[in-house]
Every structure is written in structure tokens, then in C-alpha cells.
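Next up: the structures, one after another.
After this come two complexes, each holding chain A, first together with chain B and then together with chain C.
Then we have the complex of A and B:
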């Protein structure tokens, strides 16, 4: 026992000295490309062409932010490049990020660049890649489409009728909705249900049109697999057959298409009385003020913004380029399916594109909470829609007042904080 | 067996044997059922983990499973080629070993003192030990990381082992405390009268008696360190532990990789527990203290 202990002690001492070896790699601290296969593809296919060594480290949001805060607070950094979603950057103080306006690289879309300025007059993060939320279905479900319905131009009523037909035919509720703790359900309400029914997100939160929207969703929920409150990645339920018709983030559907491309179809989100609401997902690249090697960090960002590298990133992560590129023909099945559905969605005559919540700062989480709470009270708790909306409205108004965030599309622009009407 | 005993004439000493037999039998069934249930509780998930690890991606999402896996090594091969995984495994072992050594080194004397000596504030001290577990790590990680960066402990296996030792210490202290309390002080006193010093009495008499308990708390420390993610993810960059390195990439990975990754995380810990298990049971049958 004692010799064993001594041995371990020696190993420990050895390890401490080995830990001191200095590293000159560019540390790329990311919340994106986290799944094992994506991380591997980032390292092997995207970053290996960079002139210099990159240490790509994907993290969950908690450790990602805590480590970054610790480095900013202590003034000594190891992180060179940050990769994350718009929401994480908008919760940060722009002073802690290096101004990137003079780099000469940016997204093709001025809307995205504007989001990247974080309310300042220069780019704080460079838009890096984009995705969106989509619908997907098992081909078996297509035979139950209501008569006259076009899958590329569905309305919410047709979707409800379709899920009802499927339930009648199979005896099981086969609509799948990512309502689990890690599911992205709030984005469905903010970017899809509300814009489609009310042409707004904040202003129209408690409007009569919002009551209609929740009534429709309640109807849809009757044909939804009750296990949905446990779902987070709808690709799993598509593959297992627990759900035939689903809504989710395009990269959370990718595995289903890549594994069995012939069994599933991707299609645009449905339309409501106010059009076909949808919302982008935007990831960006930034450099913290504490980065040890800012020149190398800028070089890495320039590299990642090259069109051919953006295509490689698309292959690795399923996130689409933000610069103008020529798409090759040999993209993975998930990318082809998602790409076709996205262009059908954005090209639809009734398209009603929304934007990501902006200007909420660190209250982004509280903002999402309002929509999740509303969902839980109305749908899961069965409470009266009008009562719940009037109740939650107060909390939403508080958040908007406190942050002073102006309205974003599809809400009509506002002077000052976006009002809840 | 039961048939034979039923046929044998009832012993004279037992006045009424007939109602005893079914009770004893059902007791035996209950006992067996409990044993089987507890074993299944541990083994069935491990079994599914193994089967799914050795299944092809298509097979993983099907049900029911075939009893014998198809030995598709694709998922495991993926991790064999996963950059940095061996280094992370090495770090995990180093950190867990250091945690184990340090928590016993600090925990056992504290446990001994609590059980043998009377001092002021003893009860408060016992509660205070538990308090180190009262604060969630995500809350402590930020100030800790700032402190570590400033002192140079940042991104070292030793620094991380210190944090894990703090987490494991309450268990080490409380387990060894109850162990020492279970050994009569008279044994030590007898050793003193026979020429032992306090120290030799401890090493020659008490230590052999409590070795199984020490092993148990060492396993505890090892497992606590092995399973910890948050501090490891925040406090290390180059020297990541396997858990911090893998677990974060598994949350959103496809199902078959989740199983394979989980398998890789579980196996080293299982090997370790099997390696030290003889210390748990071998010592004069007092392991159940």
C-alpha cells in the first residue's frame, strides 16, 4: 500500500512539471461544433489548412463563459479566438472584445453585420456561419397529408390536420416537438408561432392574435407525442420512429438525413395568417481583449471567412456560409435537404423572416424564460390562455424596460424600449 | 434440496415446524429477489452500454436489442482516432490519483483526530467539513479560476487535483472518522503498554484494521475526481481530463457515439475499482463496519 502511494505521488509530481510546458497554439474557444464528430471534422478538415497550429476546444455554454470571464477579470488570457452564438456575444460587454471593424472581412448580409456590432459603431464579432429551424418528416407520413396540401407551402391548419390524420391512421401521436429541458422550444414561439400569427414577438405578446396562436398550438399539442417534454434532438426520434413529423434546428436534424437520406424529407415551417415566420441562427467569431496573440487570432478569423473554408465548415457543422460562395454538388445529404428547404422557406411568397432578439444583453435568458413559462402554463398546465398572457406580459414589459431594447423584425420599429401592447 | 428436507421428519425441538417453512422459504425468495434486483440495477445499464457501443449506428436506435452484440467497432474506432483522447485519459488518471492520495493524506488524520481527541468546536468542525459541499461548483468556478490564473496554478493537473480534493475531503474525513470510532481505543492502549509509540501503534495495529475503509474512501475520491466536469472544463485548457474533454462533446453527439463515449468513460473507473477491491474485503472480515 505504501509503495503504491509513493508511486502515485511520484507520478503526480511528474505531471505537475509536465504541465508547465508552454504552448504557442492559437486557442479557439468555441460553443459551436461541439458534438464529437463535428469537433473532429473541424480539427481534421477545417483548421488543418491554417498556417499555424490551432487548438480547437468546444465547450458547453457554462464553462465557456466562466473561463472567459475569469480571464477577463484576471487580465491574463489564454483564449485567442471565441466562436459562439449571437446570444452569447450580446450578453457580453463590448469593451471586453477587440474591435474588428478594420479587418476587412464581414458577412454578405448587412443585417448580420449589424447584429455583430452589438449596438456599437464597429464590428465586435464577425458573423461566422448561419443556420435555421426547419420541419422534417418521415416519408411514411406523406401519404396522410391532407388533400390539396403542398408540403412546401403548408399552413398551421394543414399541419394540424396532417398530424391528426397520422394519429388516426397509426393510433399514435407522431408529431415531435423539442420541449425537453435542452430543447430549443422557445425559438419556435419567438421565431415561428408568434410571427406567423401576430406579425410580432414583443409588441403582440398578449394580443388577440396571440390567443389564436396558442389555441392552434394547443390543438397541435393534442397530436404531439406526449414524450416530447423529454425531447431535445429530434433526429433521435426521427430515427427511432417515435416521431414522424418534427420541428427543430437544422443541425439537430442532420444525423437523420445523413444516416438514412431516403427515408426523410425536410420542408419549410408552416404559415399562419400573418405569413411564414422563420428565424435565423447566427454564430460569430470574436477576439477577447486578453488574447495573448491578437495578430494570429485575426489571421485565423480571416482564414475561417474564406469561401472555400466556409464550405468546409458547412460540411463539418451543417451551418451555412455567411459570405457569397459557389455550392459544390457533393455536399452531405443533410446539407442538401436543409438547403432546399431553407431556400423554399425564404423564397416563399408569404415569407415573414424575423430577427434574433437583440439588445437584451444578459437578460436574454429571462426573455426566453417568459416564452417557456407561457408554454408550460398554457399547454402543459392547461391554464386559461388570456389569463396567462396578461400575467406574463408584465414580466416581458419589465425585461424590455430594464434593457431598453428596441423592437426587432417582424415587430414594427420603436423609439426606445420595445413596448408590449 | 427442499424436497428432501420436507420429506425428513420434523425435529422434535421445533414444536410447530409447518408454518415456519413457507415463511423461511418466502424470506429466502425475497432475499434472492433483492440480490438479483440490486445486481440488475447495476449490470443492466452497463450491459446496454456495452451492446450499444458494439452496435452499428443503425442498430443503436432499434429496439428490441439482440442479446449478443454484433461487434461493430466503428464507434470505438472513431474515438481511437479522436485527437487528444490519450492525453486526456492520462490527465484523468493523474488528477484522480493525486486526489485520492491527498484526500486520504489530509482526511485520515482529521478523521483520527475527530474520533480520538476532545477539542473545542469539534461539533462545529464536523458540520463545517460538510459545508464544502454546500456550494455548487459553477458558483465557485469563476473566483477559483481567477485565483488560479493569478497564482499560476491555472491549467495544471495539480491545481485541478486540489479542487477535487476539496470535494472529496468531507467523505474521506467522515468515513475514516466512523472507522476510527469503531476500533476500541483499548487496542491502541494495549499496544502502548507493549512498547509501541503512538505512531507505531497506529501503523501496526489501527491501520491494518481500517485499510478496507481507507480503500473505500480512496475509491470515493477517485470516482468524485473522475466524474467532475465543470471545474475541469474551466480550470484546464491543455491538460484536460477525459471527462471534461469527452463529456462536453457527447451531449449533442449522435446516439451511437454517446454510448461509445460513455463506455470509454466508464471502463477505466471500473478497472480501477476491480483492481482495489481486494483491499475492500480481505481484511479479517471487518469490511462491513
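Then we have the complex of A and C:
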């Protein structure tokens, strides 16, 4: 009996000391920098200079959200700092996040800061880093570029012609599109196809221009590798050679450039009748109300916003700084390639930058589903474009009405909920 | 302790475990499924059932179960009979056959993806022997049949062993005397299998089938790895509701629908393979 008591005592002591250690570390709970090498670079190169111990824990969205929700619901937490994408934060109730407006750090772009306010008066998350979606191609594909086409100023028609040429020459459809369950296809429709063809996302969802857009995409799909419905990270298909011309998130292409920098080129997204639509990816930092050590958490956020640390973060994750920095010359190949393509895209005379969906709250997923369903029905299911658009339009209008989200660029501003016209 | 109370005392831990980890979560999930802003409602169920992918995912799940389970049943019966006849190396063969059981289903999906992919093993092999000129994308939206076949194959490879181990144990319990008697009366091996093994294997078949059918309705990772967005099943829809749409109510409602289907099939199997009262081995 005596021994059992002793053991219990020892276990209790262990539990207490483990608790102490956990408190000393700032728990940085992130959905970003998930791949092992990125996470390690975050720990070794980004966070090691912080004055204090940081426990960097990257996770899939599901577990990330589940633990955060559990902590918020129970009212006591262990997470100090949250790192995630705009979409995850906008799905949260701003009351569960500490107001960060008085911290004195923010992004250089007022647009980003406005997104970080989540519709309130003050910053709910601090914009942390940014990326965007790009096109990339195997150099072998360049010889099939249609005559007169400039790879830095392609149109959708030229892209389709290019992919057709490649298919004719090689006998294989080699355009790659991330249409798998984890692929970011919805962002292509929301930030690229729709803005380029209709100069809108919500208002123009079922317009005649949208029909044209889907007809063009259907044409592009004919030259798309039919295994695309399994693709999620296009760097894999670039490296394996299954796809020669691809569209994806810059950080989902990075590995291809870093492994074989001489084999691939990055270039801007194509342009449609309404310009060259593109969309940023924004990650932010926030502190949940339940954070055990809010002062330390704020110190960590301030640290991460320093220009030199933002550069280190860029090296570690491939996400670009949101504050003004001077870029050094020795950046990884993926960063150099993406940086050049991004500046060609945003500096193009026909650039038509869009914004991330905002104001949708927890309906963000439902909003994406409208676009994914439209794609699956029109392209995979072969249904009539007009019928599908008219059908899905109702669901989209419901979501906009329910959330009351006003229009965002490139849609024209609205009073109240963004209308589907 | 009195012998009358002993059995109850012995099942107490399991009962407590089930209450805490099954009954209690089940109540919470039901609350989520039937709850809404204004009291109880069937709103989540309506949402889930009226979604255009619901009939497709239901059909896919049932079709997959209908294709996979009978094959697995036949295979595991065959394998179990073979194993029991073996004089030497029986354990070794059993271990090898049950290796897939130890592999997580996502890993199994990825293994089979590595086989069927455009740059996968099957393609490089076929190119290597000159059967095709260039690698073909097998798992493409144009060949839903091949996707179905690949998923079924992966499932059969992965989960036949769970039936096998149950059936091997069951066959081991059948007394040798029955076979000897059958042989004396001149029954062929096939007749012995039909008239002795199968009927006496009923309780094990019941367990194996229930386990396997219920698991078949929960198929997820293999399907997602191989089918991509081309083969929605009920479980992948639950995942989408919970994590993509962050709609726990709808996810819970769909989970209850899967539970209901599982219960119905369990009852059917229990009824169909019931052991008559008083009949024991």
C-alpha cells in the first residue's frame, strides 16, 4: 500500500512538473508550415531567435480546429498563438479572439489589415504572410507555345491552344489541375476564371459571361490530364512528368522548383476578356481569448512581424512578407521563380486583382462548395452549363442573404448583402 | 462475492467503458443532429438528404459493400479452409495473410495509388513488357469503372484478413467427429464443406459478416486516396460537412444515417444466420 501511495505521489509530481513546462512554452498552433521540413525550418531558423521557448505545432485544419473549439468551449486553454489562413479565422466568432488593434504591428497593405479586422473595428488577427496562385510549366512544353504567345502575358485562349498543341505532339493531355478532394480548385474559379471572364465572382455567377467562362474551361479540360481528379499538390505531377503545365498555390509548387530549378518555369495566370484575374492567399496570427499567457503571445507575434524574421519565414515556408522588406539575393529557387511570376502578374497592364471572400463567417465552406459543385456538375458530370448555373445560383444567393456579406473586389461594391444577378 | 452477482461484476468495466465512450458521445451526436436554433428539428437531416451528392454517395457506398463483402466472404472461407488443412507453416501463412490488417487504411490507399497511378508500378510494368506504349491514367474521371475496381481491389486486399481470423478460429472449434462421420457416409470434400463446415460455422460467419459489413459502410481513406473527388461515399461526405463546411449538425445527422444503415444490416445478418435455440456445436 505504501508503495502505491509513493507511486501516486511521484506521478502527481511528474504531472505538475509537466504542467509547468507546458506553461513556460508558448504554444504556437498553426495550420501553416505543415510539411516536416517546413516545420523544422520554422523551429530552427525562424523561432529560435525568439526570447522565450516556443512550441511550434503545425496541424491539418481538422485537428487544428477541433482542439481550438474544444478549448474555446471549455473556457480554459493551452494554445497561445494561432497561425492560419484568412478563411479559418473568418469562420470564427471574433469574440473568441483577443483584440490586437493596440499592438502597433500590422501589414503594409491596408486591404490585408481590413481583412484582419473580420468586420469589426479592430484587428482580430495580424496579417502574417502572403502567397498566391501561379502557373508553372515544364521547360519541354515551351516549344509548343502557340505562335506569338508571350508566356508572361498569356490569354486563356492561348493557354487552351498551348495545351492542345502539347497533347497533339505528345499524345497525352498534360495540363494539370488540382481537382482532387484536397486540391484548391475552388480558388481557381473564384479568383481566376470568374474575375477574368466576368469581372465578378458573386454578382456575375450566372451571367452570360460566366457561361462563356465555363465553356472555355470545358475546352481546357479536354486537354487536362484526366487523372486530375486525384491531384492536390501539383508539384508532384510536375516532378513525375504526368503534367507539364499546371495551376496551383505557389507553396504547392515550391518543391518542384527547389528540386529541379532548371526544369520548370513559373508564369502569371492567363487573362480573359475582363483582364488577368488573380487572388492573394493571406495567413494571419491571432490569440484566442483562452490563451494562458497573452503577453508572451503578443511578444511572439511582434517578433514574427519583424522584417528580418519575415524573410526567414519566407525561406522556411515560401510565403512572402506582408511588411516592407528588402529582399536578399540568396533566396531559394522556388521563391525566386514565384516572386518573378507574381510581380509580372500584379504589374501586368491588364491585372485584375481580386480579394479573398470576406464576411462569409462560418459559411465559407458552403460558399466554396457552390463553385466546386458547379465544376463537378458541368465538367465531370457533363451537365448543361446554363441549367447548372441557374440551379446553383439559388444556393449562392441563399448564402449571401444569410451572411449579409457585402461584395468584394472585383465585384462592384454593394449596400448590404452581395446580390447574385 | 455471490456467484449470482459475479457475472455482472465482470461485465461492469466493459459496460462503463461503453457508456463513457459510446453511449455518451452517441447522445451528444444525436443532440447535434436533431438540434437547431429553435429546439428539436429534422432540418439537418433534410439538408443532408436533399443535397445532390447524397444519393450518389449512398449508391456508391452500398455498391462497394455489395461488391466487396461477398468476394471477401468467399475468399476468407477458402483461405480459412486452406489454413486449417495445413500441417506445417500454418502460423507463418496466417501472419503473412494478416499483415494488411496492421496497415492503416490510408496507407493501404496510398500503396494502391502507387500501383495504379499514371507513373505508378502497374503502368511502368506494362510499358516495360511492351503491353502499352505510354503510361495510361487509369484513375481518371473517364473510367469510373476502373476507379471502382481499384477501390474494390484495395478493400479486398486490406480487409479480408479480419474475416479470415474469425473464421479460422471458428473452424478450429468444429469437432473432428462430424467430419469423420461424414467421411464414413461417403461425403465428398465439397459436401463436407457445405453440410458440416458451413452450418457449424454460423456463429463465426455471423460475427465476421457483421464486422465486415459495418466496416464497409465506414469506408473512407482508401476511397479518398484512389477515387479522389470522383467517388463520393457517405463517410467522405461526413468529413466534408465536418471540416470543409464546419457544419457539425449535418455531419452528425449523416453519421446517424450511417449508424441506422449499419443497425439494419446487423439485424438482417443476425436474423439470416441465427443459430436455432438449443443447437450448439
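As a working rule, the second predicted complex is superposed on the first by the 398 of 421 C-alpha atoms of A that agree within 3 Å, B and C clash if a C-alpha of one lies under 4 Å from a C-alpha of the other, contacts with A are read in each partner's own complex, and residues count from 1 in each chain.
Quick note on the criterion: a residue touches a chain if its C-beta (ideal position, glycine included) is under 8 Å from a C-beta of that chain, and two chains touch if they have at least 3 such contacts.
Just so it is clear, the structure is predicted and the values come from calculations on it, not from any experiment.
By the touch criterion defined above, A:171 lies against chain C but remains apart from chain B after alignment on the C-alpha atoms of chain A.
Of the two partner chains, neither chain B nor chain C is touched by A:336. Which of chain B and chain C touches more residues of chain A: that partner is B.
Once the two complexes are laid over each other on the shared chain, residue contacts for A:73 go to chain B alone; chain C is not touched. Of the two partner chains, chain C is the only one touched by A:362; chain B is not. By the touch criterion defined above, A:240 lies against chain B and chain C together after alignment on the C-alpha atoms of chain A.
Contact with chain B, but none with chain C, is seen for A:39 once the two complexes are overlaid on the shared chain.
Once chain A of one complex is fitted onto chain A of the other, the partner contacts of A:62 extend to both chain B and chain C. In the superposed pair of complexes, A:380 makes contact with chain C only, with no contact to chain B.
Shared interface residues of chain A (contacting chain B in one complex, chain C in the other): 62, 240.
Interface residues of chain A facing chain C in the complex, by the touch rule stated above, are 61-62, 65, 91, 171-172, 179-181, 183, 225-231, 240-242, 362, 365-366, 368-369, 372-373, 376-377, 380.
Those residues of chain C that touch chain A in the shared complex are 52-53, 113, 117-119, 134-135, 137-143, 224, 226-230, 236, 240, 242-247. By the touch rule above, chain A contacts chain B in their complex via residues 1, 5, 8-9, 11-12, 15-16, 19-20, 23, 27, 34-37, 39-40, 43-44, 55, 57-60, 62-63, 66-67, 69-71, 73-74, 76, 78, 182, 233, 235-236, 239-240, 252, 255, 259-260. The part of chain B that touches chain A in the complex is made up of residues 57-58, 61-63, 78-79, 81-83, 91, 94, 97-98, 100-101, 138, 141-142, 145-146, 149-150, 154-158, 161, 211, 229-230, 233-234, 237-240, 244, 246, 248-255, 257, 261, 279.
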